[in-house]
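Two complexes are shown next, each including chain A; its partner changes from chain B in the first to chain C in the second.
== the complex of A and B ==
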């Protein structure tokens, strides 16, 4: 039971990082990406390959994963950020679909559908360290960075861009630079989560980095509250706990848990959008009719 | 015209959208510390002219200069950093930010994690802008929760806080009641007294008559007349165009 809870807590921390970093793009900058799982995957493959081929050093794996995911996000963001709103959503959807195919086909790097197996346990300075501790430390650092960013001028710039991009630009803000930086931060964070995921699971394949995963992370952000510090973390914990909690209910047959979970997800999202459109921890006034 | 007496100059600016000639060979010069009003019927090209100056649109021909340096090819944020601020007809406030944050954002030009310059001086500019626009007591309210006139003044507060020396104002007084219009006029007079140069698009001719030092009358993308307010406003031919009474 302890191992089960530790595993759940580790996954909650990893998905908390994913949701918190996506929130920087979605909640603060208003950049709706449905491709966060791509950068989660890039980080996972980078971290896994480093551990398999060189050294299973967790800190190095997270650093490399952040650089790979953050760096590649910049290459992709700079042209993609030229489009706005729903057009960016469509562009990110295209990226997600393309990346899923690439992850499947680039067998030399990703292991294809079979994935990468036997990823060694994470080490720090030569000692094996529980992934939970690493994930919690990374989560705290990312939340701290997000908090500092949100209360400073960069956070204001992002929120200004979210609310009125053309007005922000008319006040002298280089919106492309600010948006690219926000995307790079978000994707580097997703990369860190990916490296932790690979080291924790000891196995990764493309099924963890599909559109479904991107949508799940987006749902975590929306359920918890976009543009809030703790909302995405709450969303991650709730959406991960739900299937775990359902499996303990004796009256639901194990084969039906998936269907029940989908119904609960759908109903909860509908009710949430009616009664708390800004999410559980979001501003109550947002989304209400005047 | 030199940059010293006329900091912002447009020469033969033109742009077409498909077959529509939105702005055709417009030449104008904004005198330092004066208010130039752009008047004309809807579709005359007034806002398009603003968009050409601020880099939101790329001119097909002609140029706009600030202090004799061309603005053509610059992005809107680069034009803004040279001291040109604008307001929008639809205000485009940072709706979910507070009044103070709206003004503070206008003082922060850096795109990265830090800002150059004195943070205390920026904060003082924000407080002064809110004081001047009568929004100090609403500083912690969200922009979206403000009344219409307060929103209008917030868009002015952002420009004040930005410390721009050229103001391009797109229908800033529309929808204001008389008391608010009086406050607005005082705000503009105080700005011109500090040598701020203002170009104003306005449909309320009372406001134009009260504030403008000069009027440029546009129709179908062309400047038909430039001159003293009374001369332009009394011109019956221009009035016929403005009120849609001309024969096509």
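== the complex of A and C ==
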């Protein structure tokens, strides 16, 4: 039972990181990416390959994952600088679909459908540590960074861009740099979450990095509340405990749990958008414009 | 000969893509709603047709039911999801998320109710015969092309000759002016949703007869329609139809050179390239960045 709960807590922390970083792009910068799982996947593959080929050092794995995902965030930043609104959503969907194919086909790097197996346990400075501690530490650091950023001038610049891009530009804000930086931060964070995920599961394959996963993370952010500090975390915990909770209900056959879960969060997304677009923890006044 | 076979198959798929894409473009152009649940109309229509076909109802009744369910779904989405969101000034992302939620619900309900995996309506229309050496064609090929051509002709006539069609095009250009002329933009939006969703139904029925449906097909159809609308140029139905046709052909012809798993990715490379370098698409007006 403790092992089960520890596993659930680790996953909650990892998805908390994913949701919190996606929230930086969606909630603060107004960059509506549906490709977050791509960078989660890049980080996972980078961290896993490092642990498999060189050293199973968790800190190094997270650093490399952040660098790889952050560097390739340019793929997302470019369309974000060119187009807005529906076009950007379309571009990120396109990126997600291309990446899924690449992850499946680049068997040398990702192991394809079979995935990468036997990823060693995480070590820090030569000692084996539980991933739960690492994930919680990373989550706290990322939340702290988000909080500091939201309070500081950079957070204000991002919110200004989200609410009125031309006005922000007229005030002399460097919009391209701010957007690219926000995307890079969000993607690097997703990369860290990916490395933790790979070390925790000791197995990764493409199925964890598909459009469904991106949508799940997006749903976490939206259900919890975009642009809030704690909202995405609440959303991650709620949506992750959903399948666990459903499996205790006797009248749902185990094979249908996945479908029932998707129906519940699909309906939750729609109803929230109609009646409470700012999410559970969101401020009603700001959410309307998001 | 393989190439010709693939090309013809691509034309058939492309004609069906063109129909759904055109419906999506009609809705997006007129109402500025990114109707992400358009694929759900397609799924519902296809599965209802399959249900009626397998229970021995005549085909025309199945087609009629498919058209009705697609139209009804589109109208209900506009009336009960998009309109309330727009009433409190929800942005495009609010609309997108709500529509995505609905399509998830529809996909999983259909999966639970009808089972997962491919189902095909067995029909004599899809029995292929050899027309040229090593080239096989089923009658459904001609049916698909004819249906697409007739519907495009009818839609073109409606949009240029009928007062309601002209009003729809006016709505696409300037929704404020529509109100100044005393027309109801709400009723016209409903009309756009009804027409656009109805266009998905014949494509769904023909897909159910040929390649078959699975519960996730709406997803694929939706992504293709979206890609075609953007590549064709938002606001241009001709562009969307042409882009849908070319995406279908490209998806099929690419099999001549590469493994099948690259087919879908190829469409998205094209989409991604267009968004980066020519966001206004082939026939569109320049869009504000």
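Following the convention adopted for this analysis, the second predicted complex is superposed on the first by the 280 of 290 C-alpha atoms of A that agree within 3 Å, B and C clash if a C-alpha of one lies under 4 Å from a C-alpha of the other, contacts with A are read in each partner's own complex, and residues count from 1 in each chain.
Everything below uses one rule, namely that contacts are C-beta pairs under 8 Å (C-beta built on N, C-alpha and C of every residue); 3 or more make two chains touch, one makes a residue touch a chain.
On a predicted model such as this, the values are computed, not experimentally measured, just so you know.
When the two complexes are overlaid on their common chain A, residue A:83 makes contact with chain C while staying clear of chain B. By the document's definition of touching, of the two partners only chain C reaches A:105; chain B does not.
In the superposition on chain A, A:277 makes contact with chain C only, not with chain B.
In the overlay built on the shared chain, the residue A:268 is in contact with chain C alone; chain B does not reach it. Contacts of A:259 after superposition: chain C is touched, whereas chain B is not reached. Contact with neither chain B nor chain C is seen for A:202 once the two complexes are overlaid on the shared chain. In the superposed model, A:7 lies in contact with neither chain B nor chain C.
When chain B and chain C are set side by side, the one touching more residues of chain A is C. Shared-chain residue A:93: touches chain C; no touch with chain B. Applying the stated touch rule to the two superposed structures, the chain B and chain C interfaces on chain A have no residue in common.
Here chain C touches chain A in the complex through residues 28, 34, 81, 84-85, 88-105, 107-109, 111-112, 219, 223, 226-227, 230, 261-262, 264-265, 268-269, 271-272, 275-276, 279, 287, 289, going by the rule given at the top. Against chain B, in their complex, chain A makes its touches with residues 149, 152-154, 156-157, 159-160, 162-164, 166-175, 177-178, 181, 227, 283, 285-286.
Interface residues of chain B facing chain A in the complex, by the touch rule stated above, are 54, 56, 75-77, 80-81, 85-86, 88, 92-97, 101, 104-106, 108-115, 142, 145, 158, 162. The residues of chain A lying in touch with chain C in their complex are 26, 32, 78-79, 82-91, 93-95, 97-98, 101-102, 104-105, 211, 215, 218, 222, 256, 259-260, 262-263, 265-271, 273-274, 277, 288-290.
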